[in-house]
């Protein structure tokens, strides 16, 4: 057997393996968000997650992949495996955005947005960062290092979310006379389950982004990437738990998990480049950023029921810059330029697209519908009809 | 002493409680109930079949008050709980013969 | 016949039920309610924001008894449910005009 | 005006509601309660240990009706809720002094 | 290292990987069904799922595998991996059937049936379709193409279910005076979680059925199989969501997920043979079939609480025929013959076996037991004892 | 490509695959325990699971791995993969212990214990059993065969738990006047989900412990290990179900799952050494031991809400001895010596460490805090705030 054939087989298998781990993030996001919202909005959030996967993936199959990569060709592994791996990413940006506008967003316009995001916006970002690169040679050309998408996925989703929150506004009754009304999560086991499915998915996300496991060097790189990814998550969880305990003598699990996810987002830009201790530092800073960003966004009345801005936007930016700070061979300015260019592009295009869709069919459910719950109004199906709702 | 029961819309609980606190009512017992009345339920969908959910969630507040406070309390509830839409609920007043506070053994008006 | 309602702390249910069984009360209807009174709720934390949970879980026991048993029953409840700490709850006694046992159609004292 | 409370078996709710609708009762408030009576609970198993669940799920229906309708209503309930087996439940009738409809402010018989 | 050894190692590993994905379908079915039934029957449904896995797998180990494949030998991969892969399939047929008779079936007779299904009926179907083929040369000899079991698994389970519903009847109170009483699902997050575990399991189910990943050609085939499998699921979900929204302006998530599962069932017969667009069509037809079949079976008073007839039986048939329609080299008549022969065999044998068991120890719980709930009567353990049940 | 390189690549990949399966045991333990405790303690149990993963893994990264293996070197696969695989194990011992003291243990002292267990106690046990072996040559030198840790993981965790129960005592109100108060599980679907995630994780746990899949012989060994692992789980579930049905005519799912887990624990010491039928016997004995041990520990007033003593301690011992009984080449006395030495070490060291921590900051929550629930007192976050709690 030719060495090239061997590599082809192994890398196809490895990419399929990574892809499967990423697909676990679909139920991962679904469970996390279903656990974080109120019982009256659970079915709606779940439906959104399912529809995003269906709509965005098909859009990526039909138009997005071509746009991002220019062709359906691949010599180093099966193109079908390569496609599936990339397709597994596409829903994530929209998930990040949809999670942050839960409990008020209507499903139909969101599905329209998913088509555009999965078919055009996200593929364009991929094109200029990882793919065919249509702006190569122009002054916008990016040299940012972003292995698995701190910026390309997480910040992009985060900027789209910021645009969405500005357009849709806060949930009914969330801010009353300048005061924040706390709306607690309804199902903590689902939150934990979802967070761990995401965590495990991240191993495929980052490990698979190395692109090949079929040489000794690449095998090391993949393993180190996965190890560093995990380490940053551990550190993020630990520091968030520590800060909460210092302040309140209480372990707020939702914050701890957000800290972990923040660490995972932040390490995603360069897990292959760090030594084994740097991710501890990156994760601790990420976890701290989450703890401080969550109340900050609330003070700004940017209503984000799942903490997606703090986890994905803030730490997408932090993680991309961190590569420039901690890795000698990477220019900080290149990283910064990447962050800024993607920010401007993702935010402005999302804003315009959301704005236009919002004119045609409004995103935000009426106050009365929010009061009764999105489930009854959007899906007709209650999440827990037999469980009695407490006061 | 009188028992005042109010069946109200769930999202009005906070407002009614605050309004009652302002007039000095600071003891009450609350429970979730289902109401059936002129306000009709909504229809739900399940695997292609529609069906009607008859019973609507309501909150029942119960407070025992001194007989002389009844009118003020009911007026306060009516004001705080009214939305003007069908299904706002009802208030029922009945008689209570005896009250005991378990902790102290105090009875009647002292026990309210 | 009289209705005796007792609002008690949830973990006292077992004790009160057993005490009542001993004096021959073997029919009652129980429900979970939320109480608001002098005993204040606890504060909870959610993603870095503290907030107060006002309403405390309580148990409401209802039993219809013969008028002559009222004093014994209330005394039994007070004894079994008391912890001496704030929030022990209250007992309310009111009048019942008629009772029917659905199974047999028996009425009033026979139906208790 | 009278308050009629019926404690019934949960699966009889639909039948009783329909029977009452037929005689023109179209307002009621329903809640889930647990009953303790002659009908004994069932035993459950957990990791090799058996234990008894004392309290049985029951439904409590409450409706306020005009005094003259009491007999018809109770008869209707008895008929619709009876299975003849132990645990069919009970009906309690008591007095209500005042009713207010929150939406309109109507009182008493108009507010039923 | 010899090329053959390399292939042996890789294919053993790949088969174990696929097997693990399929095992995720065990909790997948369990969660899906636990979410779809009423709270009073949840423990019972879960217990059935666990017992089926234990009983049918052991029966397959002790007798079924031999019956299906004739011998414990394999040159191309470890026989233990090959066994585990096949064993992972066996519970599925019974799961399909048990799901459709939930909320009334007693556990003990079902366990007896699982022994016979896992030890004899299913292995016989495998024998004639994929295995040693004892009817080769007779007029019944099958040339059906059925890569991963649209017919062998899904229709077989579906026919067994049809027999079971005829014998056990509907749930108490489901059809009253010719009217259908709607009994909604009790826990939607579990339904979604279960559906996605099934979806992910399907990648192993179909991908692993290719049998080998250890050459460039096979690597392509496996990757394409997985991609096409996924695409049909996406299309099934999308079309079901679309139809529901057109009709009711509501997104009924249970129907959307059934649409996805229908698409997955339908593509299972030939995902390796299609180009990348055909599965969209197959999935869309599958999703539409589900949407129309669910109310149809209800009209026929075939009471199927989880929609298994519509998902597995209808689409198992559709998917098998689709290969004959869309793939030139496959004869439609061969596919039809396969569908019919397996139908007659699976239905009649299941019917007889179920009938006999039913005489000995009745399958259907008494009305009073159904009223109180199967959990208390069959398991003694309530699923959610601390959660107050709503009216 | 060199054969050694090929093996390096494959074994790195295989080890990463196994590691991922083991990480699924993190949500596995979390869901299992969250389902078994009362609703008022669910968040606390989940938080403990998350904190253990974060704390023990970081401790293992910073000190434990060095202590256990002497160096960060590995020729046969990427050291990062080897590390991740070992790290995936470390939390398990603590999970076993924390589960058994749920509903009364405070989180902060437990986190301290996790540092010491993950950084020192467990690495020391690994050192003498699998690792650098610092007692080689002394009279304590162990020749125990323990492939994947019936003793090294499960009994070690079990002995630590026994020490913990002796120090912390039973839950408030659990034993009243010498009578046991039954406290049922609050969420059975979570229990089932957790048990199956553990089951699947076990394939990686035991399969990965073979250490290599990259030769024909090793591929067979891995596949057989996984098969035998599964078989013992099946047999444990089956026998537990059978005994319960014989005694009570009821299928107690929590006991059935504990039986399955007991079978998995017991087979873990030697799944690579058995023929395909022995695990049935081992699993059946394991399942029976669980059924009898659970009430026994209750009679001894050792309050263990999740049955961890019966599953992990009893069957860790049984499984280790079983290798000496069923495998000719293994000395029963060596196995017994291993069991005893590890028991003495793990119990006494855990006891001392727990005792000291307990003096500094008591482990056990006050009765009032237990009454109100650990969630409000330790986390400030209720698990199901909108669900009404039944009487």
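The letters A, B, C, D, E and F name the chains in turn, as written, and every chain counts its residues from 1.
One rule holds in what follows: contacts are C-beta pairs under 8 Å (C-beta built on N, C-alpha and C of every residue); 3 or more make two chains touch, one makes a residue touch a chain.
Since we're looking at a predicted model, the values are computed, not measured.
Chemist: Which chains make contact with chain B and with chain C at once?
Modeler: Chains in contact with chain B as well as chain C: A, D.
Chemist: Moving only from a chain to one it touches, give the least number of moves from chain B to chain E.
Modeler: 1
Chemist: Supply the minimal count of touching-chain steps required to go from chain C to chain F.
Modeler: Minimum number of steps from chain C to chain F: 1.
Chemist: Among A-B, C-F or A-C, where does the B-E interface recur, judging by over half of the contact pairs matching in residue number?
Modeler: Having compared contact pairs by residue number, the answer is A-C.
Chemist: Once you find the CA centre of chain B and the CA centre of chain D, what distance in Å lies between them?
Modeler: Roughly 18 Å, centre to centre.
Chemist: Nearest whole angstrom, what separates the Cα centre of chain D from the Cα centre of chain F?
Modeler: Using C-alpha averages as centres, the distance is 50 Å.
Chemist: Give the residues of chain C that touch two or more other chains, as numbers and ranges in rising order.
Modeler: 30-32, 34, 44-46, 50, 55, 94-95
Chemist: Can you list the chain E residues in contact with two or more other chains?
Modeler: 6, 10, 13, 17, 184-185, 187, 193, 248, 250, 252, 254, 379-382, 384, 387-391, in rising order.
Chemist: For this structure, enumerate the chain pairs that meet the touch criterion.
Modeler: Going through each pair of chains, those in contact are A-B, A-C, A-E, A-F, B-C, B-D, B-E, C-D, C-F, D-E, D-F, E-F.
Chemist: Considering the complex alone, what residue numbers of chain E touch chain F?
Modeler: Answer in residue numbers: 1, 5-6, 8-10, 12-13, 15-17, 19-20, 23-24, 26-27, 30-31, 34-35, 42-43, 46-47, 49-51, 53-55, 57-58, 61, 77-81, 83-84, 87, 107-108, 187, 190, 193, 378-389.
Chemist: In their shared complex, at which residues does chain B touch chain E?
Modeler: My answer: residues 34, 44-51, 55.
Chemist: Spell out the residues on chain E that touch chain A in their complex, using ranges where they run on.
Modeler: 3, 6, 10, 13-14, 17, 21, 38-39, 184-189, 192-193, 196-197, 199-200, 203, 207, 213-216, 218-220, 222-224, 226-227, 230-231, 234-235, 237-238, 241, 245, 248, 250-254, 256-257, 260, 276, 280, 384, 387-390
Chemist: Please give the residue numbers of chain F that touch chain C in the complex, ascending.
Modeler: Residues of chain F touching chain C: 371-372, 376, 379-382, 388-391.
Chemist: Given the complex with chain B, which residues does chain E contribute to the contact?
Modeler: Answer in residue numbers: 180, 182-185, 244, 248, 250, 252, 254-255, 258, 291, 294-295, 298, 307, 390-391.
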